[in-house]
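Note that the chains are named A, B, C and D in the order they appear, and that numbering of residues resets to 1 at the start of each chain.
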Amino acid sequence: HTLNTLNDYKEYFITEMKHPTFAQSVIAEWWATTLFLFFLILSCLPGANDGQEVFRIGIVAGLTIAILVYAFYAVSGGNINPAVSLGLALSGRMTAPRACFYIAAQIVGAITGTAMAKAVSPRAFDLGKGGMNALQTLDVDLESIAITEGQAFFAEVMGSMLLVLAVLFCTDTARSIEHPHMTALIPLEIGFVVLLAHVAMIPIDGCGINPARSIGSAAIYGSLVHLWIFVWGPVVGACFAALIYRLIFAPTEVFNEYFK
Amino acid sequence: HTLNTLNDYKEYFITEMKHPTFAQSVIAEWWATTLFLFFLILSCLPGANDGQEVFRIGIVAGLTIAILVYAFYAVSGGNINPAVSLGLALSGRMTAPRACFYIAAQIVGAITGTAMAKAVSPRAFDLGKGGMNALQTLDVDLESIAITEGQAFFAEVMGSMLLVLAVLFCTDTARSIEHPHMTALIPLEIGFVVLLAHVAMIPIDGCGINPARSIGSAAIYGSLVHLWIFVWGPVVGACFAALIYRLIFAPTEVFNEYFK
Amino acid sequence: HTLNTLNDYKEYFITEMKHPTFAQSVIAEWWATTLFLFFLILSCLPGANDGQEVFRIGIVAGLTIAILVYAFYAVSGGNINPAVSLGLALSGRMTAPRACFYIAAQIVGAITGTAMAKAVSPRAFDLGKGGMNALQTLDVDLESIAITEGQAFFAEVMGSMLLVLAVLFCTDTARSIEHPHMTALIPLEIGFVVLLAHVAMIPIDGCGINPARSIGSAAIYGSLVHLWIFVWGPVVGACFAALIYRLIFAPTEVFNEYFK
Amino acid sequence: HTLNTLNDYKEYFITEMKHPTFAQSVIAEWWATTLFLFFLILSCLPGANDGQEVFRIGIVAGLTIAILVYAFYAVSGGNINPAVSLGLALSGRMTAPRACFYIAAQIVGAITGTAMAKAVSPRAFDLGKGGMNALQTLDVDLESIAITEGQAFFAEVMGSMLLVLAVLFCTDTARSIEHPHMTALIPLEIGFVVLLAHVAMIPIDGCGINPARSIGSAAIYGSLVHLWIFVWGPVVGACFAALIYRLIFAPTEVFNEYFK
């Protein structure tokens, strides 16, 4: 399909949207994000296993994403994260309107899932501040080191960038054909990025790297404190990943073209 | 085979049952569930590693399922869980009579396995209440938040639904042909659902999501308290998973047909 | 090759032994077991991370086996455990003389590896009793429950049986052809059996399930207390696994034949 | 290409270097090592989750390597470690000049990444001594056992040897053709070597096994104490791995040739 004018593009998308798999995909993104937030926020409820939240939340977040990508990859691509949809759209792997529908579905799903997790124990949900992302404090000996807004923003950019970069590599069909691990391990590797980012970043800012997750938690708990960090950090990270992928790491044909 | 009348169906199943692999499959479900309960209940014995039960039980439950699905998948499908057999039967992936035999074998296996685990230390087994699923209490600062029956039931529905949904996706041959990770990662992903569900739900209700597991533990310890939650929660979860899979996420041919 | 008389068998084995890959295989078993014991005993040194030995030893044992099976599978089969070699020989997957050479190499390797780990900190090695397997005590509230010899023996039989059963399934070429996960996941699944067995059994008896590992540790530390449990338990477990695999779970051709 | 004279070799390399993928590869090694050090040093910041650093650092180090190998394997081979590049060059899998460029890029990347991690919390970075590798002390009861320089050096040799050996096996195309797990699991297995080495060796010397990692940390924190151990230990380990791989474990054709 050559899409030269805006009209071509419109027509192309209307056809895409009328296909029954489009509705299926959007519902898939909604339901997958609902499930993700349900289990993630459940693992954030306080009062269980104090002192091991980092591993508990990390394992639940990472493995839930691994399972949901495994299951929904064939339906919608299994994005479950606005940063991922944005990164794919910026890299030309997904149409912009599809990305918009996905992002809306993810945000609604995150709110649904958080509300469902709250239902398991509303009191614990409130005492745990709804699993909201927040700036943390590092306690070293007698000193307390507060993480600043800028520092948390930087960490969010880096974590989201690693995630979106991994997604861009694994969905690059030009590369995955000759490298069998790329397609076989997709869900595991995506889940492992989420796991490691949580283990590394929970002590910094609770680890967002997913605007839908942070919005869902903020909406149900009812607080917008620092939310901008967890929305714009991942957005900047996704843009950065798409940029360096296209300019530097895309397969050689693209690379050659760029240097001509 | 076109199965139009009840008689056709009966004949079809009698042929299925006479095949030597049928007995082999039922024995496989019995033995796999025996091994699962042996190692799971062993990891529930108290007195070892206090404060880390969540990870200890979660890792043992998840990886044991990963290994047993890996080994027995080619023999019986490696269900090891009545909720999974029910979900497969409701989705037309397994005949109802086969599911009944499997479920009976799983329950007997769970009782065998729990009895074998009790033999390792009968005193620790009794002090640990036989690894029974039970409603937990979340201790936040000076407050104790008890989980109610309805809250545990809801968690069981959700956990089982995620598990059965993952099974339905991975056994969908229409989809797995074009997505190589689906077949290569089957045992790992099923094991990881079990792992994450335990890590997320042990502080809520000890994590059941497998009626055979809960019945085995209850039978050998000799208590039926709250057992209904851990039997009917997974049953509802499996029905829910089969329903949404068939209505929404089944491959497009089915989807198209449904909308016609 | 039809091996009817003892002489045919002798000749067949002499040819096998003269092949340059035979020496390569035996050296591989020696070196792999050396590396396994080095890292395993290193993780048993006390004084680091008290209270988390179960996970530390479990992760190191399981992942070291995963990597060594991954690397040496194509050279020698990556047994690294006399119980595995015995199980393979009893199942007709390996000649008996080869299994004898492998077992000797594994025991020598275990002694080498333990000695190398002792060199890292001889004092910590002695204070930690050389990482020897030993009967443990479960402390529940104010009560101390000692594990008996019979209980530890039973646990060793079960753990080794699960391991050898997993090996017999994954090396069954009749089955692995149609089930792609079987060959792709071999090293991970074998490593995960070792990981889960350690997490479940360290609080019981330190987890042996590998006679070479227990002999190596006992030889360098210089104590034979309870060693018989960790030698004969795995031997019985391997025999049990080979028996039930051949009688019950072998692919249908064998099964059919047995029932004729 | 037959490379008989030094001139042939020079010309061959100049052609290699002029190819646009060469610059892409070197940038990939720089950026991958930057990302690795960023997340690794972030997980070394003190004040979060005290008493669980071993697992926190181990999981972050291992899974970050798994993801980076997964992504960059198709671009540059995903070495991210001078010991790996050295081992590949010594085994004839990579030209020496390419290895030199890679090693330089890795060292610069490690410095970039450590500086970026310091930016997240300069004060915590300083209090945690910049995540530098250092000789540890094992506290057993009332006794303190200090690890000596020689002991740490030996551990570094062994850990690096296991890592480079795993890399040499998995990149051996003569073997991986008939063993599908070899190519499908590459990133996971390499990540798991890094994970287990950290879990086993952090209580000994903080676990280096990567000269770039140790140099990056030392450069930004500004201390050269014991740095030689973490540079030369991995170098000796890589040489040792290349030696035993070529002499003993290379596929049989090479082996046969060697014995002629």
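Please note the rule applied: a residue touches a chain if its C-beta (ideal position, glycine included) is under 8 Å from a C-beta of that chain, and two chains touch if they have at least 3 such contacts.
Predicted model only: the values in this text are computed from it and were never measured.
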Reference subunit A; chain at largest CA-centroid distance: C
Rounded Å distance, subunit B centre to subunit C centre (Cα mean): 29
Residues of subunit B whose C-beta touches two or more other chains: 51-52, 55, 180, 184-185, 188
Chain contact graph, described as a line, ring, star, complete graph or other shape: ring
Pairwise chain contacts under the document criterion: A-B, A-D, B-C, C-D
Touch list for subunit C against partner subunit D, complex: 20-21, 24, 27-28, 31, 35, 38-39, 42-43, 45-49, 52, 55-56, 59-60, 63-64, 66-67, 70-75, 116, 119-121, 123-124, 127-128, 180, 183-188, 191
Subunit C residues touching subunit B - in the complex, by the definition given at the top: 51-52, 54-55, 58, 136-141, 143, 145, 147, 151, 154-155, 158, 162, 165-166, 169-170, 175, 178-182, 184-185, 188-189, 192-193, 195-197, 199-204, 244, 248-249, 252, 255-256, 259
